[in-house]
Structures are given as structure tokens and as C-alpha cells.
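Chain naming follows the written order as A, B and C, and within any one chain the residues start at number 1.
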Amino acid sequence: MQFNMTPGVTDISQQVYNLHMTIFWICCAIGLVVFTAMFVSIILHRKSRGVTPATFHESTKVEIIWTAIPVLILILMAIPATRVLIAMEDTSDSDVTVLVTGSQWRWHYEYLDYDIDFFSILATPRGQIEGRLPKGQNYLLEVDRPLVIPTGKKVRFLMTSDDVIHSWWVPAFAIKKDTNPGFINEAWTRVNEPGIYRGQCAELCGMDHGFMPIVVIAKEPDDFAIWVEQEEARIAAIREEEQRLLALRMNLDEQMELGERVYLAHCAACHQPNGTGLPPMFPALKDNHVTTQDRAEHIRVMVDGRPGTSMASFARQLSLRELTSVITYTRNAWGNDTGDVVQAVEVYEYMQSKGE
Amino acid sequence: MNNEGYQKYYVPDQSPWPLVGAIALFFIALGAGFYVIDMSKDQSGWGGYMLLLGIAILFVMLYGWFKNVVDESMSGLYSAQMDRSFKQGMSWFIVSEIMFFAALIGALLYARFIAVPWLGGASNNEMTGAILWPNFEAVWPLLTTPGGTETQAMGWGLPLINTMILITSSITLHFAHTAIEQNKRGQLTGMLLVTLILGVIFLGLQGYEYILAYRDLGLRLDSGIYGNTFFILTGFHGMHVLLGALILFFVLLRVLKGHFTAEKHFAFQAGAWYWHFVDVVWVIVFCLVYVF
Amino acid sequence: MSTVTTADHHDAHHDHKPTGIKRWLFTTNHKDIGSLYLLFALAMFFLGGAMAMVIRLELFQPGMQFVEPQFFNQMTTMHGLIMVFGAVMPAFTGLANWMIPMMIGAPDMALPRMNNWSFWILPFAFLILIISMFLPGGGPDFGWTFYAPLSTTYSNDSTALFVFAIHIMGISSIMGAINVIVTIVNMRAPGMTWMKLPLFVWTWLITAFLLIMVMPVLAGLVTMVLTDKYFATSFFDAAGGGDPVLFQHIFWFFGHPEVYIMILPAFGIISAIVPTFARKKLFGYASMVYATASIAILSFLVWAHHMFTTGMPVYATLFFMYTTMLIAVPTGVKVFNWVATMWRGAMTFEVPMMFALAFIVLFTIGGLSGVMLAIAPVDFQYHDTYFVVAHFHYVLVSGAVFSLVAAAYYWLPKWTGHMYDEKLGQLHFWCSVISVNLLFFPMHFVGLAGMPRRIPDYALQFADFNAFISVGGFLFGLSQLIFVWVLVKCIRGGEKAPAKPWEGAEGLEWEVPSPAPYHTFDTPPQVK
């Protein structure tokens, strides 16, 4: 059982921890003095001991003293606090910059210095949450794609959001910064030790606020460089694959299989695994006009989202292949049975038509 | 004040009106809530009717309640101390109204001096401007929002006339006040009437300005923070002018019925305070919304 | 209603009580209205507490067992709203109604009819709030702080009802506050000078001032939420030039004074009880008054300490950090004065005193964790974790609620004419004080260990603490049933209470018989 704050793995987080402990002990000391006085009085000055009450009821001198001493204590606290705060502010001279975007209920990371960007989503299976499977060690604190950063380098985070306010919090770095839609906040860290660090969204952001973890892997700079290469290659490969896909036709079974996986990872939180949704906030997809008939609208909603609702645009969040499959899946699952097999070109064409 | 204190402090007996008033507010709030929900979905429901019912009950309540108060006042039940209670109550009510406007004005100042500059990259929001809104220019009035909605600014010619009208009305009301204190009933009636007419003209011009805004300037509720602060401040102010005018109207009716004396005219005074308050708010709104 | 009979009635001056349901519906009597407020607050405390029990039940174990995440959020939201606006604030208003006229020697509140209106609005406001939970999309689920845009663009339809419910709650609070101020300023008995006012009256005067200053701001804010959601404005939307953080500034400009609204009258109660049972005059009366006023003034300058992580510029963060820390000074003066009052007194430990003593210790603990939260760089780690939840339950439950319970025990003899059952009361005290610590103390630890607030499910390392906390919660809830038992027993009968049941008590309220006659001080007492 952990009782106290983590000292963390950065110089700043250690300073924060020390400040926390300093303030904590000062508060304990104050409490001790006050409570001792009180309990001494409770024990000694009770009627049952036959005391007669004193009659004093003011003393300018003591009152000035006990106004002045707290002021001094507070000044004593304020000095280190100010110092640490100012040290945390300076985001200049960073080596790596990551744009962190929160959205309901996933994180998006974009490396401004590399050709890398991806989403990061809770990886704990629903079965564990619902108690059908035994809970794993990192229950609720695991994601499909962690953020990777180099150790010993100054990493600058730019924080924003696509919808509501979230807050990106990794205790080991002592970073908690709100992601305000339409604005960019900044924070930075320099991690001393390689390792896996876990955190969570810290601002109530709707239904699945509790299911929006953060995992950061800090790697030695060399390993980080390798990772960057691999990741760039992986993302490039997906893009290529997408191009190839446009020519290709996928059959229903293929699509249903991938589509189901995508659906459960991205859609089921709101629209429910069985497609019944949680109306009226999250409409049912089963027997829905859009998913059973209006195919063009279906593609449009998936690509553009529904502005002003929780339905986000999935154009960036999913690969073309995933988008196509999940549309096909929804059109055929849970008795929707349209028999429609949507092809990548179709979705791609709509995306292009918007670009013009 | 005096040592006999509240010896004659009048504590009214039971009254049904507070409960009726609470029921009225219940229907108003619930009705307004459902009305807004229905409206947002383009569907029709019974919210609007409930709202109207609530307002109707509220009027019945106000009539009944004030009738009691007026009768009590006319039959001499209210001591000087009682009058002081009313006056102090009214002053604190006005303080609360000031704070309501303070919140709205605070929103305007924040938008203008903090939010909009930050969206343009000021202070610690360099990246906000650079990455999210690269084409956005932070100026006030904000005629093009970061999202790209465009509108035009409202000039201050018409509002200046309106300002004159309201200030004049404050002066005429002051004359009415001196008249009541000197028991000049004719001047009192006349000046009250002039004040009321000026108030109505103000409202008319305000309505005309809204038409201009919507029709010619494309300045609407949805045209971004400039339009939002414009409408919410002038709109709530306008509603207060309307309320003030209503109060003065009923005061006028009572004057015509021969109520009030040179010493005792709390209702008149409350109405006058309210009117002056509404004027002062207008001058501030005029400066912040239109001129600067 | 009829004015003529009323006039006679008052000249006649007899202790005539109207009967039946109309007595309560149409009343203008400050004691009746006070009782109504207190009973309403108790009911709401149980409703809000029941919701807390749902929260604790779901958090008993990791995993989702009993409710859906969205319903959980509704429970959190409604729990906060009901406890703050439905339980604590009305309870203090009830005490103000009962006690202030008696303490200053007034025949009633200054504006008795408006007084009744202020009360009857409240049940309807909460009815609307509760109706909103049955809308198709569910009730408010955006936290009691209803941050935009979660409460605007991304909320369900309940927002509309929520907004109007808040509006009418605000009207109720403002009218109540106006009544309190006018009563205190205008209706003191001859000789009751400012510096002779009981501290409960002083603290309420300042509280009422705070209410009048901040409730309208809340009204303005919910109005903007309404227009943002339904009328296409963009006060809190960057695309239209607004800012979601603007919402927070306005909310906390209201919200921080609001938390002092819930604690200043508590200070007044403790300042009444401690001298009584220490049989010694309150130490530092004048500095108590000045400290209360300082707290009130400072409370307007600290609001952004709830917003350290929103990315304010560093100079703003520093400003709010310093002002927040300063509040510890006047609050400290109060704590020290209470201790000095006990010092060399002759104390006895009846139930009101026990709760008052527990208040002083536990409120101080909560205040000290508040000072820790005020330190901005560490608040980055504490913010939105259970450490904050621990802080505010210490000041609210073992602070505000304990003071209310203490007040109830203290004045029950005056209200009912009967002594409460001392044994049961002591049992209630010990059960409460132990379980409240089992409930809220470990929250400090889970918070520091990293558990965010407002989550329906959590990582495994928090499991043991949460089970413990939940058990503490159930025990605390059950302990409150003892309180109800005490209340019922005391209202229905018991040992007759003398006019002044407490040896060391001072004040006008103890000079009228127990139970207090329906009309007190029809002619003003002369205060020397």
C-alpha cells in the first residue's frame, strides 16, 4: 500500500516531493502545538477537577504574537514554493516536442519533430472491468500505444483538446496540465531513468473519464532513435497499405472481423457492444436509419463526426482500412444485416471530395 | 434609531402568497426548462404553456401580495422602522443586481483583454495562436472569430441618443421625487409620466437597434463573443428597464389613486432607486460595449 | 391575511399558534420557518448521503459492479449539489431564522412574508433537480462544478432544468440573506450595540453579505451556460472567441466565497458553544469579528487556487497562491481564540461541547490540508485527486456538518422544551467521530498515491484503502440514524428543559422560557 506521493523520476518531481514533505511537516508541527494546548486544557481545566474558571478574555500582546507567527511561517513556506514554481515554467530549449490532444476518451500524440502521430487508448479488456475476467496487474493503467520519450532530454508537451477539458497527469513527472479545447498549454519534463510511467486523465471529462489512462515509456536516447525509426516506418507502411487498399476489394468476413475489433475499441464505450447505445446521448446503431439505409450519411458521420455532439471525427483516428471495416461491421452486425460491403475507395473518395 | 425601537413592528399574520409565489417559480423554472429543451429539438411540447401558467400565477401572487402590503401601509400599520426594513431590503436587492451585471461585465472584460489576445498568441499562449488559429487576428471588436464567423460592429450613434434619453429620464424622475417630498401632486404625476415615456422610447430604440443588428449587420447571438457580450449585456439591461418601467407604471397608478405622502412613499422611492440603478448600469454598458 | 384582525391580534399579544397544515404552508413566524429549513436540510442530508452511499458502494471494490459510469457521475454531481445547496446552506439559514431574532431581541425577521417565500422556493428547486434525473438522457453528470464545455456542448438535456433550478435556489438564498442583514441591522433591541452582538449573529451578517455578493454571479454564470448550450453563444468556446477557462474564473469567484458561506456560521456556533461549556468568556471577541471580516474579504481574492492546472500565467498563479495562504492567518486567530477560551476554564463535556471540540481538531486538520493545496507547485500533484476530496470533507463534514449537529444539541432544549437523551447523544458523537475519520482520513493516502477523483473504477493499488473508506462511510451513515432517534425522542418528550439549561450560557435566547414561546420579544428587551 502506497501512503505517500511518489518522489518521481525527474529533478522537478523530486523538488515537488521535497516541498510537499516540508509543508507537510510544518503543518504537522502546527497541528501538534494547537492540539497539545487543547488537550492539556481539556485534561487539566475541567469542572470535575473542581477548578474555578479564570476570567481573562483578551490580551492584545498574545493576539499580535499569534497573528505574526503564522505570517512568518507562511513566508517561510512561500519562498521554496515560488522557487519550484518558477523552475517548472520554463519550456524553452526543448529537444523533443509532443502535441498532446485529449478527446473523449483517448489521447492523441503528435511528435512535431518526426513524422509520427498516433492515438493511445485504454487496453484493459471490458471483461476485466465487468468482472468476467481476472484483473491484470496494470488494470486500467494500460494502453494500446504508449507515448515514448527519450531520457535525459528536455521534452516539451503542448496540450490541447478536441472536445471537453481533460488533464494530462503523470505523477512521476509531477506534470498535471489541463487540455483546454481551443487553447494550448505547455509543460516539460526531463526524465532521469528509463522506465514505464503511468498516469490518468485528471479532469472530469464525461462518462469514461475513469478509463483514459496515460502510459509513457522513457527510453535511452539511442533506443529512442531506434523506436522513432520503427514507428516512422510503421506509419509509412500503413499509409502505403492504404494506397494499395484503394485498389483492393475486401470481402465481408475480413471486414467483419477487423470491424468488430475496431468497434469494441473505439465505439462500444458509447454505442455499447450490442449496438443499443445509451439514448438519447448516444444513439443506438442497431436499427438506425443511418446504419441500415443512408450509406452516404454513414460515411459522412464517421469521417466528419457530428459537430456539437460527442460523436468525433474518426478520419484521423482510424486508418482507412479500419474505417471501412467498422462501417461495414455496423451495417451488418446485430441484425442490421444490410449485406453492404463498403470499400475503401468509397470512403477515400468522400474524404477527397471534402478536400477540394 | 429611536428608543421605543420596534415597539410597533408589524409582523404580518399568515399569508398564502409566498407559497403561491413558490409554486409560480416552480412552474416558471420547470416550464422554461422544458421549453428550451423542446426548442432545441424543434419539437413542440407543453413547456411553453407551463411557463405561461407560472407567469400568470406569479402575477396573481404579485397582485395579491402587493395589495396586502398596500392595504397595510395605507391603514398605518407600518412604523418608521418597518419602512427602514423595506428600504434596506431594496438596497441590498440592488446590490445583488449589481453583482449580476458585474459577472456579465467580467465576462466581457475577460473575453476582450484575456481570451481573445490569448487566442491570437499573447501571454503564455504563443502556441495557441501558432498551431491552432494561425490565421486569427486578435482585435476588438472581434469581427472575425477564430472559427471564421464574420459580423459587423455596432456603431454608437443610436446608443448615444439612448444614453441621453435615459439620463434625462433619471433627471425627470428626480424632479418627481422632489415633487413628492414637497407634496406637489401635479408635478409628481407629470414628471413620472415623462420618465415612463422616456423609458418606453428607450426600449423602442433598443428594439430597433436589435433589428438593425440582425438585419443589416449580421450581428447575431451566434456571431461569436463580441455579439454574445453585446446581446447579453444590452439584453439583460433592457429587461431591467422593462421591469423598472413596470414598477414606475404601478407607482403612477397609485399616485393617481392618491397614495403616498411627503414622508411615506417607500414604493415610489424603491422604484426610483431601481430606475437610477438601471441608468448607471446603462452608462457603464454604453462605455464598455459601444464606445471603448 | 386580513389586516385588521392582524393588527388587533398583535396588540392583544398572546401566544396563539395557528394549527394544521396551514400553519406550515402560510407561516410568517421565524421559528416555524426555521424549523422548516432545518427539517428540509435534514431530509436533503439523507438524500445526499444516500447518494454518497451509492458512490461508496461502487468504489468498495475495483471493477464496475452496481452502476453505469454515467450514473456514477450523476451520483457524484447530485451528491455535491444536494449537500451544498440542499443540506448545509439551508441548515444554516434555518438556524439563522430560529436564533437571530431571539439573540438580538427582535420580534421576528424583518420581512416575514418574504422569509416564507425564501423557504418554499427551495423544495421546488430540488424537485426540479430531481426531475431532471428522470429525463431520457439522465440527470446532470458534469460534477457540482459543471465545467463548460462538458456542461454545454457535451451535456444531456438535463442542463436546462439544472440551470433553472440553480436560478431559483439563488433567488431563495439572496432573499434569505437580505432578510438576515436587514434584521440584524435594523431590528436589534435597544442597547444591543454592534460589539455586543453574539458571534453567531456577526458571522451570519458577514455570510449574508457574501451570499448577496456571489449568488448573483452564479446566476449570471448558469445563464451563460444556458445560452451557450441552447442559443449558440460562445462564451466558453474558443472557436467563437470565448474561453472554457472563463467559466472556471466566474464559477470559482462564486465558489470560493461559497465555501466560506458554509463555514463562517459554523465559526459562530463554535464561538457560542465553547465559552458556554468552558464557563469562561470568549477570548478575543473583537479579534474574532475582525478575523471573520478578513476571511470574507480575502475570500474574493483567492478563487483561482482551484485552477492552478489550467495554465494561467505564472504571476497569476503566484498571486493566488499568496492570497490563499494568507487566509490561514485570520482562521488561525479563530482557532487560537477558541483554545485560549478553554484554557483555564472549567470545562464539562456535554454533547454540543464534544462536537465543538471535534470540530476544532478536525476542521484544523482540514484547514492545514487546505494550506498544502494552496502551494501551487505541489497542488499540481494534489489537484483532482482524493487528497482534495479528503480536504473538503474534513472542512465540510467534520466542519460544517459537525457544527450543525453541535448547534442542534445546543439549542434543542430551547426549541423543544425537552432535554435530549445525553447517553444516546454521546453514543452518536463517538460513533460519528470515529467513523468520520475512518471514512475521510485514508482519502489523504489514496489521493497522494495517485487516485483521481470522480472515477467509478480504479487501479488495483487503491483497492485496500477504498474498501476501508467505504466501510467507514457505511458506519458514518448508520451513525446518523442515532441522531434521528435522538431528535425524535427529544421532540416527543423527555426531561423538561429550564429556560437556561446550560450553566455557562449567555445571551438573550436563554432568557425566554423553553420551549421558546411562539412570539418572543413583542416588546424589546433592554440590553445593558
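Everything below uses one rule, namely that contacts are C-beta pairs under 8 Å (C-beta built on N, C-alpha and C of every residue); 3 or more make two chains touch, one makes a residue touch a chain.
The structure presented is a predicted model; accordingly, all values stated were derived computationally and were not measured.
Asker: Quick check for the class: compute each chain's Cα centroid; which one is farthest from the centroid of chain C?
Answerer: Between chain C and the rest, the longest centre separation is with A.
Asker: Please identify the chain lying most centrally, where each chain is represented by the average of its Cα atoms.
Answerer: C
Asker: Write down the chain pair with more C-beta contact pairs when B-C is set against A-B.
Answerer: Result of the comparison of B-C and A-B: B-C.
Asker: Rounded to a whole Å, what is the gap between the Cα centroids of chain B and chain C?
Answerer: 30
Asker: Could you please state the distance in Å, as a whole number, between where the Cα atoms of chain A are centred and where those of chain B are centred?
Answerer: 44
Asker: Name the residues of chain B that each touch 2 or more other chains.
Answerer: Only 118-119, 124, 132-133, 146 qualify.
Asker: Among all residues of chain C, which ones touch two or more of the remaining chains?
Answerer: If we look for residues of chain C contacting two or more partner chains, we find 157, 238-239, 243, 245, 311, 314.
Asker: By residue number and range, which residues of chain A touch two or more other chains?
Answerer: Within chain A, residues 182-183, 186 contact more than one other chain.
Asker: Can you name the residues of chain C that touch chain A in the complex?
Answerer: On the chain C side, the touching residues are 62-65, 68-70, 73, 136-138, 141-143, 147, 149-150, 153-154, 156-157, 237-239, 243-245, 278-287, 309-311, 314, 317-318, 321-322, 325-326, 328-329, 332-333, 335-336, 339-349, 357, 360-361, 364-365, 368-369, 371-372, 375-378, 380-381, 383-385, 445, 448-450, 452, 454-461, 464-465.
Asker: Within their complex, state which residues of chain B touch chain A.
Answerer: It comes out as residues 118-119, 124-125, 127-128, 131-133, 146.
Asker: Can you list the chain B residues touching chain C in their complex?
Answerer: Touch residues, chain B against chain C: 3, 5-7, 9-19, 21-23, 25-26, 28-30, 32-34, 36-37, 39-40, 65, 68, 71-72, 75, 77, 81, 84-86, 88-89, 92-93, 95-97, 99-104, 106-107, 110-111, 114-116, 118-119, 123-124, 132-133, 142, 145-147, 149, 221-228, 231-232.
Asker: Considering only the defined contacts, which chain A positions touch chain B in the complex?
Answerer: That would be residues 99, 158, 160, 182-184, 186 of chain A.
Asker: Okay, in this complex, where on chain A does chain C touch?
Answerer: Within the complex, chain A touches chain C at residues 1-6, 15-16, 19-20, 23-24, 27, 30-31, 34-35, 37-38, 41-42, 45-48, 51-59, 62-63, 66-67, 70-71, 74, 77-78, 81-82, 84-86, 88-89, 104, 128-131, 135, 137-141, 159, 163-165, 167, 169, 171, 174-178, 180-183, 185-186, 199-211, 278-281, 308-310.
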